[in-house]
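In the two assemblies presented below, chain A is common to both, partnered first by chain B and then by chain C.
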Partner chain A sequence: MASAANFRTCPDTGLKVDRTAEALIKANAVVAVVFLAVGGLFGVLVAMTRWPAVHLLDADMFYLVLTAHGADVLLFWILFFEVAILYFASAILLNSRLATPKFAWLAFIMMVVGAVMANVAVLQGDSTVMFTSYVPMKAEPHFYLGLIIFAVGALIALFVFFATLVVAKNEKTYEGSVPLVTFGAITAAIIAVFTIASGAVILIPTWLWSMGFIANIDTLLYKIIWWGMGHSSQQINVAAHVAVWYCIAAMVLGAKPLSEKVSRTAFLLYILFLQLASAHHLLVEPGVSSEWKIFNTSYAMYLAVLGSMIHGLSVPGAIEAAQRRRGFTHGIFEWLRKAPWGNPAFSGMFMSLVMFGFLGGISGVVMGTEQINLIIHNTLYVPGHFHATVVAGTTLTFMAVTYLVVPLIFRREIILPGMAKWQPYIFGIGVAGISLFMMGAGTLGVARRHWDITFTDAIMSVEVPGTAFLMMGLNGISALLAGVGGAMYVVIVVGSVLFGKRRDEAVAKANPIIFDGGAAVANYGSEEQVKVPGTIVLVAIFFTAFVLYYFVNWKFLSEVWPLS
Partner chain B sequence: MALQSPEQRIWWNEPLTKVEVTWITISFVWGLIMFFAMIYWHLTGEQNLSNETYQITPDRFAERTEAMADQYTVREEGDTGIPVVHPPPGSDIYMLGRLWEWWPVLELELDKEYRLHLASVDWQHGFSLQPTNINLQVHPGYEMVVTMRPNELGQFDVVCNEFCGVGHHTMVGRIYVVEPSAEPVSSGEPAASDAAGEN
Partner chain C sequence: MANKASETPDDQDIPFMQRLLDNPFILLFLGVASPTILYIVWGIIEVAQIPIAN
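Presenting the complex of A and B:
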């Protein structure tokens, strides 16, 4: 029982920390960063090839590296980090022991084996099928098997998380409801179960097909179910990184949610509606009806978008309320001007919030409109959109929280603090550029996953507007900037974990990183009494941009060839 | 804080503030507007996909495409050997995707309607008409039918925007839009195709 677990007391927060949970968080986070480094490097190579003036890799290598880039950063980096977050949000935040640590280690080993196997398959060169591996394009059997082993490992980790919630409840390690951050993590985990089930339903038959045991996989069926995994896995990210936004705001500023009820309802909307988004990838497909497309692409009347729009008010609102309580009450924006912009955990989190909303959120809803998708599907606009959601949203958030995880869990001080201060800005600006310039190129018709927009080897010439070449060049420069930011992150994190000054009690006292010492927060809960005029202005700007951009795209659509 | 359990155990009874109620209402209504906009466009807009799809074997689709080309080829595209096909307005026209070309080249008349049939005979491809930027996904085994009315003159390129192997970036095709020919080739009515329905 509980006595079997080995706890330490955290000098920063006063929380009881299960050492096994801590070791697992470390292991998963370290492997995550390795995959980020590898996958990020592949990403830079992709952008350097798509920059027409550089055109770095040959075609075979380009498609191979692009396949590996997708798997390593979209799947492996993010899921390893999310497992670390789940263990943190359960065992650590609830003062509990981690349930079934042996299974947690088994999950970790399976995930590592699966991820390495898939990478080996791709790098061997006969599994260049892109992250989506649309049939009837065939990869080697161990490509699918690697993904399956990885997914089963992740599923076991999810059950360890759920079991830990049960243990904490039974052993009464907390009172009342679980904290909001844990609630967000539960949301992510529930979506993850659906995601992995979809993956199993389609990847296992595809694996058998690749070995010749099944004759045929229907291409349309494959896509519908595959995206039940592929898109839903990005919804895990959304739930997880929104939970981390609340977590960072709470740790750095002592921010309380404006309303527990509102924030939790928003997460509940994610659970109920986010998974319908498989349809986003099927809006210009044959064989799927308009009724199906409209209902699913809109998450049943945009109810999951409603969830995100609610977080878009309550996250900055919580920050504003906390800042005003500290005395930054002048004018509308003093709270924002005097926010801790030199703290990479905060600056990364806030940039992520803004870019996820303005770039990722708006573009996602617009391109997910059934008819507007006609002028966007499979152009570079699509990667432009998801680099705003997944890289600016999820990756930048995870980077930001690392600046808290290293001192709190690894018990090391961050080395090179001057560099750490700049890291989120350099990475963030780079990603904003990648996202905007790819969207721009996509609007001009540039295809995604395409080696050569000059079409030199094609039998007929294709004219591509000069602006598209400019966009691809600017995208390359932005990718270099993001690559520098990513490399800085890896250097700081690895350096801190290996060589950072040990954070013992004296250091923790001299250099507190948790607002109010955490343990001293006796009065927590909702904060509805504080006025948040700055947040209202921000939200109004967001909404105006959203509405304008939405109707501009209907205008663009109305000008293309009539179709019926 | 978001890191601890809610202060009030009965947190779900907290009253909402005016700001929250207003924002949730605006967001919800905006969601409804965006939802009904898609339905509205189906009723009044000019850019909608039909829901007309047939299952078809690759061989059968290739046969039909070749039959159209045999009947209506007017010339060859440069020295590529690819036929340029000028089918009558209102007729059923075919373009097939295969590794790595869109075949054949089509020549269409301005402001005339055509029932375009699209399918792949091998892997998935992406029909991407440039520079107008219309993008459709093309599957093997499924024949998509969409009525199309070219509304601008000139040369249009079709590129592939679904990854289809190492030659993906060489997969191109072409559609010309020309002034309508002097003598009416057919009634101009969109023919209720007899060919399409029987797949």
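Presenting the complex of A and C:
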């Protein structure tokens, strides 16, 4: 078993790099980008259909493409990329060999086979069940089987990650506690174990049911367990992208967390409570009690929100402290003005942080509240919210870190640097648009997952305000912008990996991209100077926006249901 | 106590929270147990209590 690992020494960091781990990171990242490209294109087609003036696809095709969009981007793009992050955070950051590389390759192959199988099933046309595949809607058996094979593959990858932690500890490749980024990856992996277990528990019987071996699956039970997977998988993303925020801040600026203890405790809150919020998907289900709903989505959930708020203070705080250490000490915001805005790794990360907090976080807490959820339940507000979390948050973060992964792991220089500089802004602005305009349309009552907002052939006519049409048009324009930003990303990444200049030792010396050889990423240690007035101001603005929006919604609810 | 201290010199000094955070497998247990009990099991109990229609 004791495979003689084959290491190279990284010219950028001096770290030992296990070549197998490196190859696996590359393979998973490449496949991830392929699914993003395909799934992103489907997203644009969906948005072009929901733009009433364009109304691109016919109804059948719309629902088919929407199913493929959800599965390809939410499951496949993100999970392949996350597996790459897990291998990076274990083998590379801990200076260790990757445990059981054969199993890691098996995991990769299973994930590819499963993802392709599910795509084939959807594109054949008889599995248009949305990625949530609520029973009693029935897909073809190979749709469920594809998802199951994919999930088992991902589970094997998680075992490889945990085994690598054990190997690193036993072989003493690091001392003391693991670095914070690795700790964040551990958090993501733990949530992933629960996610995949829930998925297996519900998808295996559903697969058997689709073949006729089981007569009936209870619809409410399905939803409870399915959302144990569906929601928790989003929390893998949150833990992973927060870890990547710390990683990028440390790599680009040498930023260290203000307090290792506090940041780790925030991750612990994620481990304990984040997954309970799965219940917010069942807030209007009859059959489960308000106690269950409110405990899981409010009392316990707010502890996880607290974790996010700690990270929301800690990440910009770390950046501010690092910038002040470098001499940007004038006034409250010099550190922010003089941040490396031309570096796509940094700009993508910082925009993601802001949009995740302001758009995704605030709307999430509002819609996770049982009472005010009613205003927007099942409207386009919901996709508006989660494009802020999972696209502006996770996807933009993963794009940003790619600008470091390509030179450090693929050992290639980024081609078209001028375009790369603009890419996060174009994608970011587009995504902010689709989030805001879908939320706007949702507030006006436009349903999600709907081909025709006017309900043309319905028996009772439905009145849709003109502003809703405007919102859908603006959403379409934003979708095009996001599509262009996404295409730029794919061109830059694929082009750099294939044709970028090789980053050998000389190039690495001439064009250093990470601060101080990445010492702040690979080691335990807090910032010493923790006066961060700029961050405090930003946090105060955030709380003001949060409180105002929260109460506006209660006011709005009182108007929806006049009680006098 | 005193003579044992030399065998595992620093094990005793590490604070509880740090030992917890340094052990991914205890964290894994907690992270799976919490949602399984509070969300899944409690939820299933509620569904199971819904009376069957005749």
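Following the convention adopted for this analysis, the second predicted complex is superposed on the first by the 548 of 564 C-alpha atoms of A that agree within 3 Å, B and C clash if a C-alpha of one lies under 4 Å from a C-alpha of the other, contacts with A are read in each partner's own complex, and residues count from 1 in each chain.
Keep in mind that, in the parts below, contacts are C-beta pairs under 8 Å (C-beta built on N, C-alpha and C of every residue); 3 or more make two chains touch, one makes a residue touch a chain.
If you're wondering where the values come from, they're calculated on a predicted model, not measured in any experiment.
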(request) May I ask you to decide whether A:G228 touches chain B, chain C, both, or neither, giving the answer as first, second, both or neither? (result) second
(message) Between chain B and chain C, whom does A:L220 touch in the aligned arrangement: first, second, both, or neither?
(response) both
(message) Quick check on the superposed pair: does A:S177 touch chain B, chain C, both, or neither? Answer first, second, both or neither.
(response) both
(request) Based on the superposed arrangement, let me know which partner A:M309 touches: chain B (first), chain C (second), both, or neither? (result) first
(message) After the superposition on A, what does A:L474 contact: first (chain B), second (chain C), both or neither?
(response) neither
(request) Look at A:L268 in the shared chain and tell me whether it touches chain B only, chain C only, both, or neither; answer first, second, both or neither. (result) second
(message) Applying the document's definition of touching, compare chain B and chain C: which contacts more of chain A?
(response) B
(request) May I ask you to decide whether A:L24 touches chain B, chain C, both, or neither, giving the answer as first, second, both or neither? (result) neither
(message) Which partner chains sit in contact with A:G287 here, chain B, chain C, both or neither? Use first/second/both/neither.
(response) both
(request) Go through the superposed model and pick first if A:A447 touches only chain B, second if only chain C, both, or neither. (result) first
(request) Using the superposition described at the top, list the residues of chain A that contact chain B and also contact chain C. (result) 177-178, 218, 220, 261, 264, 287, 289
(request) Going by the contact rule at the top, pick out the chain A residues touching chain C in the complex. (result) 162, 165, 177-178, 183, 186-187, 190-191, 193-194, 197-198, 218, 220-221, 224-225, 228, 232, 261, 264-265, 268, 271-273, 275-276, 278-279, 287-289, 292, 295-296, 300
(message) If we count contacts the way the header does, which residues on chain A are in touch with chain B in the complex?
(response) 59-60, 63, 93, 128, 130, 134, 136-137, 174-181, 218-220, 246-247, 249-251, 254-264, 282, 284-287, 289-290, 294, 298, 301-303, 305-306, 309-310, 313-314, 317-318, 365, 369-371, 373-379, 443-445, 447-452, 455, 457-460, 462-465, 518, 521, 523-526, 528, 532, 536, 539, 543, 546-547, 550, 554, 557-558, 560-564
(message) Under the stated contact criterion, what part of chain B meets chain A in this complex?
(response) 1-9, 11-12, 14-17, 19-20, 23-24, 26-28, 30-32, 34-35, 37-39, 41-42, 45-51, 53, 77-78, 80, 82, 101, 118, 122-124, 126, 128-144, 146-152, 157, 159-166, 168-174
(request) Spell out the residues on chain C that touch chain A in their complex, using ranges where they run on. (result) 17-18, 20-22, 24-25, 27-28, 30-32, 34-36, 38-40, 42-44, 46-47, 50
